[in-house]
């Protein structure tokens, strides 16, 4: 079973995958990367953060997704191989980048990044380039190999075509997560014909394009993306859990700064809070560790931290109403006063949260990050390129239309407990009914 | 949104479920049980223990499965309702028992129960009957309601028909886990026509029976069960991870008994090891906690504990060969001697493990627990009952045939590191090749 | 096995259906209607006419679809039952109308209706009301029962809610055919969450409405409809086959009018051509009969009829290019001249064909039939109704936007046979390239 | 769009297929074969004969299935390519044979072959070798190419490995029809993991073998086959339709021999009945033609022919009871007498029909055709071969066990019409109840 001098495994390895049926590994490099401890750690970080509290099926991890992105990239290269004539090295750069693109993610990244000055992309870079098992494995391919992979993930690699296969408006990453998240949540949208997309993918000088005959598969992909964002990723219950999670982190940081004596010292958080986490510290911080501390904190002295942790662990979330930012701003003082009268501290329990999405965009006007997107092009029968929304009525209809949704979160259970006759409750309910 | 006096929710609640599409909750009791902290804890206990290390999709939890069993029970009752004429209370006993049947499961139950003198069924009983949120909710239905639910789960309830819907050779529990585990692992067997089974279910005095016209769906179910046991549940890689997990627990217990000074005191394990865990201790012990300690122990002084934990966390499992117990017994001294020469302590690294299954049985001869199974009966057009294997050739062919599989686990990586020329390695490989 | 006095079958009948899994029949009336010869005849009329020549899987018949519409209606009534409180008779009117709504369809209706002055809706009415087995069965329910069913199908029934379940922008008919045609063609669009739609359906005074919480299922349905129209129903290859079919019928009619002596007298067509077909004549005209004659005509003396029939039977279709009606009109004389030079008679071989669709509409301005559609309403949490496109950005984006597609069909094989150097071929190809 | 000198199409052609998702055509030869009129004719011959009268979804044709077998063969060759090193010609022989293996099938082959001295294999051979479009296309590959393809289909080709891919106990033909027929009927058995089978297929000297690691996929295939035979192919309702169909053909032949004057001369049947059908006659005889005549015969003078045709066309089938041949033989005279008393002619209305199947066999004892099957072999890790049932308990359990089922068919409707008091009806029902 010794492997071959060309870097191929003596026998192909196969993972059973519920989304792509099988994931095929033929390169020793890929197999060895999967076996590193930094990659195995992704088994302890859920793909969709707090979404499992809304869709109980969504308990899958980033390990799961990362293998999927790798597999899609492998199939894409299969289609493009004849045309692009990459050398073996470039192929492995692409496969490694696909596999490792999320390796720097921590637990509940969205909330953590909003509280701490941290950035999973920076951690991805450090895991690839500093003293890790992954770095050691990548370096076997050449001293500059880790840097190449890091550049692809950072979208700074010379071969922009290769970059576009992993990061663009239609790429291996998104294809996998839309299909995978739809599968695990059990929703009926989110499906599109990936097999078709992979067959009609072609290359232009520096990006992937799609044959006109596959336009409807592209349309379906765009619509799936739209539905998944609003039905799954921005689901208000999921955001309620994130609101609480964020507040827990804020509270714990505040307490730590104040020198509060935790029953068990949260060493894993300390360096994060203090902003001097080492790579080793960061890698240890997985979801098990976070959940361990949250469970500990259910018995802490601090009433706010204790209550927030119990809410998160036992899924006693905040309720919400739709609002407009203007009306909320206007009514907020009165709302806060009434809640305060019920013993609720507005700082920790009343939250305005917004989500917004631009489903597809085709221009590049400049400043706003979302609008810098490279459009999707179709390859016409005569060999010319044509921007998607010029062919597709349905994509045109939603192009460039950003939609934003505002919610106001509050502890509904406390209102229920007070009873319907309580005059603050009555006042609060009236205001809540007028926010939109 | 206040609920109705008949215990029905003012509006049905719906969970999106990837296996049954939707899970419908109409009873306030069920909704409130799901919201208890003991039930929410099942979100932190995987359904298939270490199987996710073999099938990466199998990251689903017992929360997931418990909702599924409830839903199947709900649908079964829908079919049987007209015939059995249960009162509303009996219906709720059945639904509650279905929902809560696994509530006493701890993390990696199989391994924990083999190391500690514990039994998840006993813990289920305590969670139902002692001072818990679940008990408080159940008691609202009557003082004897918790005991009724506990009796159903223990198979000791008077209404044996109701018991058989949850625990028999073809029941709501098995139907859900076969379909669910097949879905998450992504394997292609494990499917059967549940909708058909639920339509042809009928009742005899004290057990569910199936109309003859649905026999082929029953056959398919039996075959699915057979395939899932051997392809998924007894997969040798999964068992390798369990072997290591069991050894970690043994080692930690030994160290604790010897007064070993852990860097961080494993308080959550202490009462378990000492056999005096309270209900509160037990409930805290979820998989996050276990994984937290295992991560801690990766840096322990004790070399065996440290190595085993690293193996488990980074998926560096033991290799295996098939063996017969006789040949293994005969060769074991020589094997141990050679491994010892390579620095491997046989006590912690060489393990004989066996699995066995009896796919279907129809007689009740007595002593052996597995053979006390109640057979599956078909309801013939003339109203008589007939045992399944008397109608089904294919079930007859496998009835009563117990199959046992023996594996010998060893640290293959250490052999690889020594190089192929090492004379102990050569000797070991030769013996391993002769064990079957 | 005698049936019950309440008109229920003594035992439910079940059809295995690949789309809805099972179709359940509990009413003797429905079972007996299915057994009539007029309903069984639908087994000999394909659901999608010539589409099987483009998507080989689409060989399913109207029998198939009719059962599906019945089943959806049965499920809809299940959801609405508590609310609408229809009597048993009204329920059977609805189920019968669902089952029989297409019973007047003939073979390749689209083409036949464009050539003959006929209308399948008129034939449906006659099959329900004149001397047929279906009429006899319906009359057992009361003398006015057949008329009621006919009124529902004609959308003239008093109970407009009932009518809307079968005929509206979102009804049992469309739900079935979108799902069924997607299933048989194998395309990946066309799916939507029917189970969800059926659960959120509610009633307003005279139409079905959908709870706001199911809006995304409605959106998905609208998008599926859109994709199916353009990807399947208007597929240019299917239309090519229809173009030929229409020409065959025209030619045969012309020949008959001229007193041409067919080798075998096409008696089945004669009354159709002459406009005096009796009900019995019409019922005999199924696809087998049409195909029989087309096969005969492959050996007819008339060269045009012979060639067109061979093209249809052996799938030697016309090629097509996209065109604008203006450019085509301008270029047509030149095109015809060049084709004529190659021996191609423009009257029979050069065809301009257009398809157009309005995916969803919400206003009722008046004259144009398509714009008289009743909009889809959402039922808001406060009990009010709201037109779909006012809530759904994506539906708004495509509402009222009619899209039309023009194609020019020509015998491409004849150009290929002439060789690329032929100056007429060169001229034709040049013009064809300039039509859009 | 001119094709390439290597016989490859300038652009791959793709068919959307609901079973295999896509069917890929890269060879001009295959594309041209599909376009021949003899192959297009398969669109007018249903894959499962009368099964659509039992499972309404099963309306698919042999055209459908033939493309599927081709596609599986294409994928098999993809896996085996590296190992077998066939030249391009051998590959095309294999693909052509897969595509054309059923090209000689006529309408309702089973019944036709039982009435006429005909054999679809002989007609396949003639279509390949005589003056047909298919022969002309094949001959372009070399004068001996048609003969090679014919030899493969007849299992007489030198390269027995190639033969085994199309005709063995596990081959491309069976894989396609099990999956396809399960898909169209909608049954839940019939599924197995074809993708896995195609990945573990290997070659021995003269047959395909399967890697041990894929054994469970092979088991699943065997079980699917078993379930499909008994649940679908031998369904008693389907057989009832075949019984009638066979009687129609017998009656028509008898009448023709007697010089009976048909209202319309059944020219298409005449040569078949007289045993001197030319190839051209045979090719014209498709299901449309058969159905056309059956419709005509619904109005024939001959009462038996008329009644049988109406029964077939309007699905008024014969009822059945299970029987043993011995008991039936004993009771038959009495049964016939009583039926005769009711005006039923036993010759045309009382039929004993049996079906039998041997799901898997592993020995080759000699005479009986079914037992000459070549067993399925597994490829063991050490490179040796092992017969499937020696590894698989479940296959062993059913190996060599032939099961036969006997049914007695009779016109149940006539008994119903007589009323339950008729003494002949009473006698008949009593006897029918005692036949098993």
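By written order: A, B, C and D. Residues from 1 in each chain.
The criterion applied here is as follows: contacts are C-beta pairs under 8 Å (C-beta built on N, C-alpha and C of every residue); 3 or more make two chains touch, one makes a residue touch a chain.
It should be emphasised that the depicted structure is a prediction, and the values quoted were computed from it without experimental measurement.
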Worksheet, complete the sentence: A correct list of chains touching both chain C and chain D reads A, B
Worksheet entry | Of all other chains, the one whose Cα centre sits farthest from chain C | B
Worksheet item: Any idea whether A-B or A-C has more C-beta pairs in contact?
Response: A-B
Discussion item. Just the number, please: Cα centre separation of chain A and chain D in whole Å.
Written reply: 51
Worksheet item: If you average the CA atoms of chain A and of chain B, how far apart do the two points sit, in angstrom?
Response: 31
Worksheet, complete the sentence: Rounded to the nearest Å, the gap separating the Cα centres of chain A and chain C is 44
Worksheet item: Which chain B residues touch at least two other chains?
Response: 21, 196
Practice prompt. Spell out the part of chain A that touches chain C in their complex, as residue ranges.
Written response: 188-189, 191-193, 196, 216-217, 219-220, 223, 226-227, 230-231, 393-394, 397-398, 401, 403
Worksheet, complete the sentence: Counting only contacts in the complex, chain D reaches chain A at residues 14, 21-22, 195-196, 199
Worksheet item: What residues on chain C touch chain D, complex-wise?
Response: 15-19, 21, 35-37, 40, 43-44, 52, 55-57, 59-61, 63-64, 67, 183-187, 284, 286-289, 291-292, 295, 310, 313-316
